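Chain lettering (A, B and C) follows the sequence in which the chains are written, and residue indices restart at 1 in each chain.
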Amino acid sequence: MSILELRGVSRRFGGLDALAEVDLSVQPGEIVGLIGPNGAGKTTLVNVVTGVYKPSSGSIHFNGSKIDGLKPYQISRIGVARTFQVVQPFPEMSVLENVMAPAIYAAGLKNIEEAREKALEKIEFVGLGVEVQTMASQLTLASRKRLELAKSLAMNPQLLLLDEVNAGLNPAEIDKALELIRTIAASGVTIIIIEHLMKVVLSLCNRIVVLHHGALIAEGTPKEITTDPRVVQAYLGSRYADAQQGNLND
Amino acid sequence: MRHLLILAILVIAMGLLPIFASNYTLRLGTMFAMYAVLAQSWNIIGGFAGYPSFSTAAFFGLGAYTGAILQTQGVPMPIAWISACLVVTIFAACLGIAILHLKGHYFAIASLVVAEVLLEITTSWTDLTGGGMGINLPILRISIEAQASLFYWSMLLLALLALGLNFWVSKSRIGFALRCIRQNEDASAMVGINTTFFKVVGFALSAVLVGGAGAMYASWVFYIEPPDVYSVLTSVKPIVMALLGGAGTVFGPIIGAAIFLTMEEFVWRSFLSIHAAVLGLIIVGLIFFLPHGILGLLSDIKKKSIRKRGSSPGVEE
Amino acid sequence: MLTAQILLNGIVLGGLYACIAVGFSLVWGVLNVINILHGSFVVLGSYIAYFAYTYLGIHPYLSVPLSGIILFFVGFAIQRGVINRVIAAPVLTTLVLTFGLELIVNNAMIIGFSADYLSINLQNPLGSKLIGGLVLPLDRLVAMLLAIILTVILYYILARSRIGRAIVAVRMDAEAAALMGVEVKKIYAITFGIGAFMAGAAGSLLSLVFPISPLNGTEFLGIAFVVCVLGGLGSISGAIIGGLALGAIQSFGALWFGPEHGLTIAFALLILLLIFKPTGIMGRKGYE
């Protein structure tokens, strides 16, 4: 059974179709890359899946149950987590408190001690151990991104939606982030990642989905995507695609 | 632990006040306790959750009239008080569901205007409420001194409950959720917090004791009329007190209430005709010089002195 | 014909309401400050008109520029000196601050003018005319027309003048405006001054319609609130439509429930709107 299933999902804002009849099926354990030009609807897709918006039409199923129409907090509790493109911490709380919140409310840990332990575990995992008592507003951007990741992990997600986790990071930080994501995937979490950096997408994902003007114009393996003429025209550009073909063939 | 000891001593001292204090002092003490109830209650929705609520007057007035009407129907005073708490809590929950989706100014206005509407309804519904002529409550057949002590202790109890409520909320899941909501409501929803539920609960908690205070007030003064108990100042003063002491802290509001009452008594006695203006000046001064209240100021001073002394790694509050 | 008369009364009143509200709406939309002093500004305008008429024989409508300008400077000074210092503060802070300032101003007015209701009795009132079965109170009608004209002038100032466009820019994005060289704090002070100007002007126009007393301030403030929520924030057309709508609703409400409930009807409407449609009948989103 697919872990996430979108059938004919559309989302309209006024006259604009941010999402147009998107069909998508994600299997457990996949790492799916979501790419496309700016305004293609990638973040809207994440917002619709996580309940921030209701789809104007179509349905969304998570592990077989209908989730479109549920509120964001309900979707967080059933195992879907996401990070924000512009990070959303609780600025006046420490890193620890920030991560304890999802542990208590989304993962449902009643015991404060349990929640604290779980939070510490995830904070260590993302490499923020030193900053446990630091106030979120004092963190660097890279650390805030990691905090965001730790918070989503504290929710015990089965499905993790990452929205441009690498924006604003330098190459060294990006490599570390990639390692982290791989480890998360290896532990069984299904990942959908929105990314502009093609090197990340091509090396990380086993399947890529391309959005353009709200519609899903292509999906397939990295090799298939880089040779798909529609994708090349809409997003990649032919020189880049040819170069990538070279990489993938080696 | 030391704080609890100081608190216990204060509470006992205040409890013993009626033994050696004059009726006038007891009156002041009762006012202080009432102010503390209002300020601490507001703190839950305004300080912890960060929602600028101006509905204290609505809750207070509704509680006063509920208590008064029940008492004139022969209901014993304590039952009338508890019923008032109940009625106001239910009202607050319903109101909360209706207006807590609003943010900022819109929420503030909505909460403010509710009292006006209640005032008008109360004034028009003469059969039930006596309208503009007010309600006379049945007199108690005990001595003036005994009455003073009775109302003093009752308000004091309510104030302790309010303090306890703040303390409990600050340590509980509810308090944590409200704090998250104040700092980032969208992110709160994303980490699994049912923001509507917690906001409504917070709002209702900020009303329950205010309703009781209103009912007690009515019994205490024996006569109430709509502009008396639905006054907009009843909404503004608790906010000023909480801001004065430090909104969002557990003890800030009651400290603010003490300071405010002292200033108010002094001003009333000396500058009656301009007391509104002086209150206004206090507010302006507060906003400029004490933006985080007294407790905030003390905590800033503490932080500065820690930094000056030089912090060694591992030394944390 | 009764309906038409009631409607006419409502529209006449509504034009005046629009003038009361438009300055308030501008300040709220641009500075994100709810000016609790607004009602008192209107009352001050009425007092200026009263004294101008009683001691100088100036007709209230002619004293509009006078009260407008005086209030402009009062407003400018208050914004520059006091409110600008906390302009970035949360809603609660600015609201409580303007509330405190209002307490001071209102108390000062009560001491200075006493709370007694004053009214202006014109030597040569225009009276009423009967046209097509409808009673037209001419003084009020002229007041309403002047109110609308003032509002339209404000609209053109905002749309065409440099200052006006700077104000609109600040409303849309204060940071971007600052980056483009706009002195945001000065614009805030000017906008607040304009808001006060419109309030003072409205006060002059209203001095023939409402009794003059510091105790009326709250009612004008309430009207301003309701019009803003009805018509949507920060837009002149919204204030006009909201004002006319409120005038009409109050007029019919007075018929059905009695005239003493006018403000309550307005407030009940306000709450219902806030609960169900806070962006007002124009559907435009204002600042939170």
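Here, a contact is a pair of C-beta atoms (placed from the backbone, for glycine too) under 8 Å apart; a residue touches a chain by one contact, two chains touch by 3 or more.
Note that the structure is predicted; figures quoted are calculated from it, not measured.
Taken together, chain A and chain B share no touching chain. If you tally contacting C-beta pairs for each pair of chains, B-C comes out on top.
Most remote from chain A, judged by the distance between CA-atom centroids, is C.
Centre to centre, using the average C-alpha position, chain A and chain B are separated by 44 Å. Note: centroid distance chain B to chain C, computed from Cα atoms, is 33 Å. Centre-to-centre separation between chain A and chain C, using Cα means, comes to 49 Å. Counting partner chains per residue, chain B shows two or more touched chains at no residue at all.
If you check the complex, the residues on chain B that touch chain C are 46, 50, 52, 98-99, 102-106, 108-110, 113-114, 116-117, 120, 124, 236, 239-240, 243, 273-277, 279-284, 286-288, 291. Across the interface of their complex, chain A is touched by residues 173, 176-177, 179-180, 183-184, 186-195, 316 of chain B. Chain contact summary for the complex, chain A toward chain B: residues 50, 71-74, 76-77, 82, 84, 88-93, 97, 100-102, 104-108, 133, 151, 155.
Of all residues in chain C, only 28, 32, 34, 82, 85-86, 89-93, 95-97, 99-108, 111, 222, 225, 229, 261, 263-264, 267-268, 270-271, 274-275, 278, 287-288 touch chain B in the complex they form.
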